[in-house]
Amino acid sequence: MLEIMKQRAKELLESGRVVRVLGWQRGDFPNLREPVFFTTAKQLDNLEYDRFCAANLSKYLIGTDVPTLAFLKPCDTYSLNQLVKERQINRQMTYIIGIGCEGSAKLTDMEENGTLERCLVCTKTVHAAFDELIGEDAAPREKNDRFAGVGEIEAMEIAARYTFWQDHLARCIRCNACRNICPVCHCKKCVFDNTKYDTAQRANASAFEEQMFHIIRAYHVAGRCTDCGECNRACPQAIPLHLLNRKLISDINHMFGEYQAGTDTETPGPLTNFDIEMDKEVGL
Amino acid sequence: MEKIGVFVCHCGSNIKGNVDTAAVVEQISHVDGVAMAVEYPYMCAEAGQAMIRNAITEHGLTGVVVAACSPRMHEATFRKAAERAGLNSYMVEIANIREQCSWVHRDTVSATKKAVALARAAVAKVHRNTPLHPGESSVTKRALVVGGGIAGIQAALDIAEAGFEVTIVETTPSIGGKMAQLDKTFPTLDCSACILTPKMVDAAGHDNIAIHTYSEIEKVEGFVGNFTVSIRKKARSVDMDKCTGCGDCWAKCPVKRVPSEFDSGLCNRTAIYTPFAQAVPNVPVIDRTNCVKFKTGRCGLCRTVCQPGAIDFDQQDEIITENFGAVVLATGYDTISLDKFGEYAYHDSPDVLTALEFERMTNAAGPTDGRIVRMSDGHKPKSITFIQCVGSRDITNRGKTYCSKICCMYTAKQAILIKDKYPDVDVQVFYIDVRTPGKNFDEFYRRAAEEYGVKYIKGQVGKVVNVGDTLHIQAVDMLEGRHMDIQTDMIILATAIQPSATAKTTAGMFSSSVDQNHFMTEAHPKLRPVESHTAGVFLAGCGQGPKDIPETVAQASAAAAKVIGLLVKDKLMTNPCTAATDEDLCNNCGLCGNVCPYGAITYESKLTASVNNALCQGCGACVVTCPSGAMDLHGFTNRQLMAEVDAICK
Amino acid sequence: MHSNHTKNELLAISGADIDRCMKCGRCSASCPSHQAMDIRPHQFVSYAADGRVDALLECNSLWQCLSCFACIQRCPRDVKPAQLIEAARLMVIRQQGENYIDPDEIPGLLNNDVPQQLLVSAFRKYRK
Amino acid sequence: MQITDFNPNIVAFCCNWCSYAGADLAGTSRLQYPVQVRIIKVPCSCRVDPLFILRAFQRGADGVAVCGCHPGDCHYATGNYYTRRRMALLHNMLDFMGIERDRMLLQWVSAAEGAKFAKTMTDFVENIHMLGKNTRLADWRVVNAGNNETES
Amino acid sequence: MMKIAKEHLPRLFAALAKQIDLLLPAQQAEVVNFAPFCPDAEIDLTTLKTANTPKHFFLPQVEDLYTAAVNAGQISISAADTPIKPFAIFGVRACDAAALDVLDSVYLSDPIDQFYQTRRQAGCIITLACEKPTASCFCTAFGINPTEPCGDITTWLTDDVLYWQPNTEKGDKITELVADLLQLTDESPAQDISENICLPLDKFNPDNLLALFNAPNWQDLSVACIACGACTFVCPTCQCYDITDFDTGTSITRYRCWDSCLYSDFTQMAHGNPRTTQAERFRQRFMHKLVYHPANNDQYGCVGCGRCVAACPAGLNIVKVIKKLEVAGNV
């Protein structure tokens, strides 16, 4: 599959259809893969694609104004659609080759440690946007429910839920990796970095600010988050951030009808939409 | 440096009674930015406003906080006062320490503490106010009147006389409304048609007035000065230009048994019909549900006899969309249904009529040419009984809780009409209390009792039984405590009235609200009775509440005056508290555009959102949807509200 | 013999809200046995309003009322006069010459052929 | 009614056209409700940002209410439809994180419902009394500053 | 040299914790952090790299500096007087211990940072030697001997014995606290360094500064950087901080908190920001560690712990920069 990708990329580069190719290359450590823009056929020899290429490349296409070829895994294409819907990516400037995905590897201190949790419960095995496909879509994962984690927490006692989140959030070092890796967190200056709300803060100076940062981060992407799981992968303290986003997705599905962000580039998200009849039952 | 002046009002004893205003002044003077704080018994009085003006010039105030009554009462007053002293009116904030503090908390100590917190919040908000200047929006010099009754006609005539184009939209085939059904009107016993039809003809003939009958409002967009209204002209199946109103068609129409709405069902009408002789426009309408041609495809007699060839069975509904600057809602009333009032045997006996049905009977143009007869056997009745407050003043779910206001007077009128035509008929009225609140009203009622010998019995009817050819009434005379088992030939029920069926939906389309009885809610019951909450939408007639013709006409002219006052302006000052985006922070994601109810947000080439101040009404939905805080709302900015939360929680 | 039964007692038992009455007379008009009554339903409400409870307890209308509830059905102000009459009847029944047992008499009456249940009901019945 | 000596602090965001007018009507009808409720006027309930609600809790509020027009009556036509969805998600998420759901209230109050406003606020303060001081969504720095600074 | 049997370690820790605040690596969710000792903590002495670093306890992420308040016109300023109790951190690896030297060279040189100084004096470092480096370790490249860590007390852990070697008088004081549990021994557990990683560090000498600064491939090296702060906040030697205020309602608390040179408004000054592109910020991080710090303190700013390698979501790291940076002229 890697050979076909390299050969196809070189053809498109030489034909001038694209000016650069977005893919991965081997890092300086055995299991590291870095996103990189290849511009010459020679560089394309370094192109890599295997279980360690977990990064969601769609965010690198924001604001691209030169024709760019990008290799996207199925879940990345939902982020692409969401970014196209929010006019951060000009779809004409991108040539998307959908590549099959067997699930990405989980790294613990650079050692492979099974498969990422997001891939074990992946429901987005079919590419949502592509100009070309290499390798067929993966077979749907054995169906363990991606909302199982959310259900467990919901079943807990309220005090237990509080301590569960308190312990996890207390470890947060506000490195903003979860915010900056998230494809739909593309504000020019985040609300925590600008003076529009007097909430600019560089660090969580109290337990409240820890809660506030994560509540608002999850809330701002509610209805836009495609559940790509990058926030959980990027967190150096392994805080289960994706559970917050999945709780919102599960609530949206229950209350406002099944919705998977990024399936297309038209329908407005649940929070910028309403349904008079259905919302009546939203018991508050 | 911020120099804010705080003015704490006593409001006589309304505030001073429960809030220690001196303590409020003392504590608020320590808040940073407060240059001076003072208290005064009546801030809204001229002296109070003068105090503000002088303080602004004397201390060079950059902001004013008035701790007094609700901003909905006097915010405008204090803002004008500041404006006259040269301070931008949006640098004035109100702390509501009357309706939301002194009047609802008896304990002085805690009420004072709360008043200080509310004042502090207002100061915190003024700190972050920026001078705002109202924008301008254009005014379409045309008015729309919804409803073609006397209210709509009067309003339209007044507006047209002032030189502005008016469009009347009426659901029935002719204008005239309920008044056209009446025989005489109280208290002067003028013939209703004589005073109404000239106005109808004037309206029809006035070149500034366009009338759309058999039509309804389909869709409304826009706001004051720029309403875009789509009107659905339902298919009459008659070409209005060709038809001369000769009447050959309804003479030939084979369908004879359709109960006539205009005659309240006392007689029938044909499938192609005009509601009444003096109908304006005098063009018939084909009732497609009862017309044989539409039901079975056969017949078409009307088309064959129509010389001018005006009948057109293929005519379709037509939607016309027009712009208007102002709207008058004059949707009128209907009588309530009597299904839940079995005790009056209304459905058992044809001789039990509602007052409106009886009005048709006494009307010379009515089904009985004015002869008062028993519908059961056509004989002249020897005794007629009126029953008041049927369904009114009833707090069970059977009727309406309010008094319908006009029944006492029209009952007296109808009693006089009967005694005038047939002096020998004895007429009695069962009443709870006769309400005659108007000029010459009580004298009129006493004429009925004294001059025409109408018997008024203070008591109520318990039960009416239709026995053979007479009606047995079981009633009580409260004053004598006498039980009455009497017989009567005819019963007329003073039925409660309610807003017409279209009132709630029409109000909804103009985003103005209705109360629990579906009467349209006026902006202020005493001070702004003919304005709705929505700017540019005015109310007139029974749609706003039960009232008689003189009041309706007065409201119609008042509404017209308001409309004219608005249309005279070339430009309207728009609310400056609109949204605005910070180009550096906005990354053109488009979320705000989805939630704007007015479509005020566009994304031109410069790849950021831009707000059209004329369309934006300042609701703030886009500000909360914007994740980065790029979008903000003048007058209620994010920092202002955050500062208010900080100050109010201290 | 008349204990001073108060208006509140009558209202408490009946649960009727007599302040709503607008004196329209529809209750009396609808009452089938209005003829035979000395105090008619609408007067019942005003008697109760004035607190003349004793007069109500003695009137014979209490026993003419058929509890057909027409007055309740037709009253536009939801005053429920029939419940007032029912309450007055109950108060009369409960007086019953006040011959119920005083608590400290009970020990004396205890013997094995007098069932306990009788004493308890006698003690309790006809009290509130 | 003071079950514990703790004095709850309630912030209520009221929309200018309906619930603020309802609160005023409660005032003109002299309908008493607890003094701990403090009202902030916003143009529409859709103007209330989750950050305002969190800020109120940070600053010491024990309960936050958002009041708006009944769905369908919104002066801005669709404003409260968004509020309904936003608050539904926010309440669920905070509950998911262990914050008592009853600390937040969304209530539709029309301009004619003064009595409903007064009753809603009384019941809300009652509930907050049951729940006690807000400790799970509070900023200890504000709490400490509040404690050691004698009540002025 | 002293020693104690491995199975007595819990008693050792309990004894220590009774007399002094003891911090040691404990398993928390999926990561290991230095955390206060408590009996049911899952102590983990095998994982080399803790997610947080000893820096957390000497230069906390948030530290109140002072509080100012205005009462009735009078301004009062009071220094933040949070009492610092003596504490000991057990299980510090060689790289983290060396990192503290890097921080000392900055915070304890003139003008001395009292906040850091009080914490540093109150803290005692008990280092633990590593046997085998993990995939991301390269401390040896910076001349750090993982088997001979410095620190107040050095310990080595073999299969059944913990060797205990106090080096400083602060170490002796701590040793006295638990002297009864330790036996003297003359065995020396020094092992050899299993593998030596060497990196082409020579090009990073100060007089090469301009050439490094103007290296052509900073842009290519940094293209994938997403400007989060993960690498700086997991790094034991990063020492930049920001100062900001918090209004508590009745007073203003001024506190300092970690800052990251990769943030877009890191050096936002009145005139603007000297580094406007991400490549410049990326360059600043590595130039500071490899060129500027050595120029001032003749020790590298990096200790090769490899946490940034694991933390970077885009797979960028210092090793790649060291290897791939083409100094203009000599490659």
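Letters A, B, C, D and E name the chains as they come in the text, with residue numbers starting at 1 for each one.
The rule we apply is simple: a contact is a pair of C-beta atoms (placed from the backbone, for glycine too) under 8 Å apart; a residue touches a chain by one contact, two chains touch by 3 or more.
Note that the structure is predicted; figures quoted are calculated from it, not measured.
Colleague: With a step meaning a move to a chain it touches, how many steps does the shortest path from chain C to chain D take?
Modeller: The distance in steps between these two chains is 2.
Colleague: Between chain C and chain E, which partner chains are common?
Modeller: B
Colleague: Work out which chains are contact partners of both chain A and chain E.
Modeller: Both chain A and chain E are touched by B, D, going by the contact rule given at the top.
Colleague: When contacts are scored as defined above, which chain pair ends up with more C-beta pairs, A-D or D-E?
Modeller: Most contacts of the two pairs: A-D.
Colleague: If you average all the Cα positions, which chain's own average lands nearest?
Modeller: Measuring from the global C-alpha mean, the nearest chain centre belongs to D.
Colleague: Measuring from the mean C-alpha position of chain B to the mean C-alpha position of chain E, what distance in angstrom results?
Modeller: 73
Colleague: So how far apart, in whole Å, are chain A and chain B when each is placed at the average of its C-alpha atoms?
Modeller: 53
Colleague: Rounded to the nearest whole Å, what is the centre-to-centre distance of chain B and chain C, using the mean of the C-alpha atoms as each centre?
Modeller: Those two chain centres are 48 Å apart.
Colleague: Need the CA-centroid distance for the pair chain B / chain D, whole Å please.
Modeller: Between these chains, centre-to-centre, one finds 33 Å.
Colleague: Going through chain A residue by residue, note those that touch at least 2 other chains and give them in order.
Modeller: Residues 189, 191, 197, 199, 205, 271-272 of chain A touch two or more partner chains.
Colleague: Which positions in chain D touch two or more other chains at once?
Modeller: Residues 49-51, 55, 59-60, 72, 78, 82, 86, 141 of chain D each touch two or more of the other chains.
Colleague: Would you give the residues of chain E that are in contact with at least 2 other chains, written as numbers and ranges?
Modeller: As it turns out, chain E has residues touching two or more other chains at 246, 249-250.
Colleague: Every touching chain pair, please?
Modeller: Inter-chain contacts occur between A-B, A-D, A-E, B-C, B-D, B-E, D-E.
Colleague: Within the complex, which stretch of chain A touches chain E?
Modeller: Residues 27-37, 55, 59-60, 107-111, 167-168, 171, 173-177, 179-181, 189, 193, 201-205, 230, 233-234, 236-240.
Colleague: Under the definition above, what is the set of chain A residues touching chain D in their complex?
Modeller: 150, 153-154, 158-166, 191, 197, 199, 205-209, 211-212, 215-216, 218-219, 222, 244, 247-248, 251-252, 255-256, 270-272, 274, 276, 279-280, 282, 284
Colleague: Quick one: in the complex, what on chain B touches chain E?
Modeller: 30, 32, 646, 649-650
Colleague: Inside the complex, what are the residues of chain E that reach chain B?
Modeller: 70, 72, 247, 249-250
Colleague: Over in the complex, which chain B residues touch chain A? Could you list them?
Modeller: Residues 582, 584-591, 594-595, 603, 607, 625, 627-630, 632, 638-639, 642-643 of chain B touch chain A in their complex.
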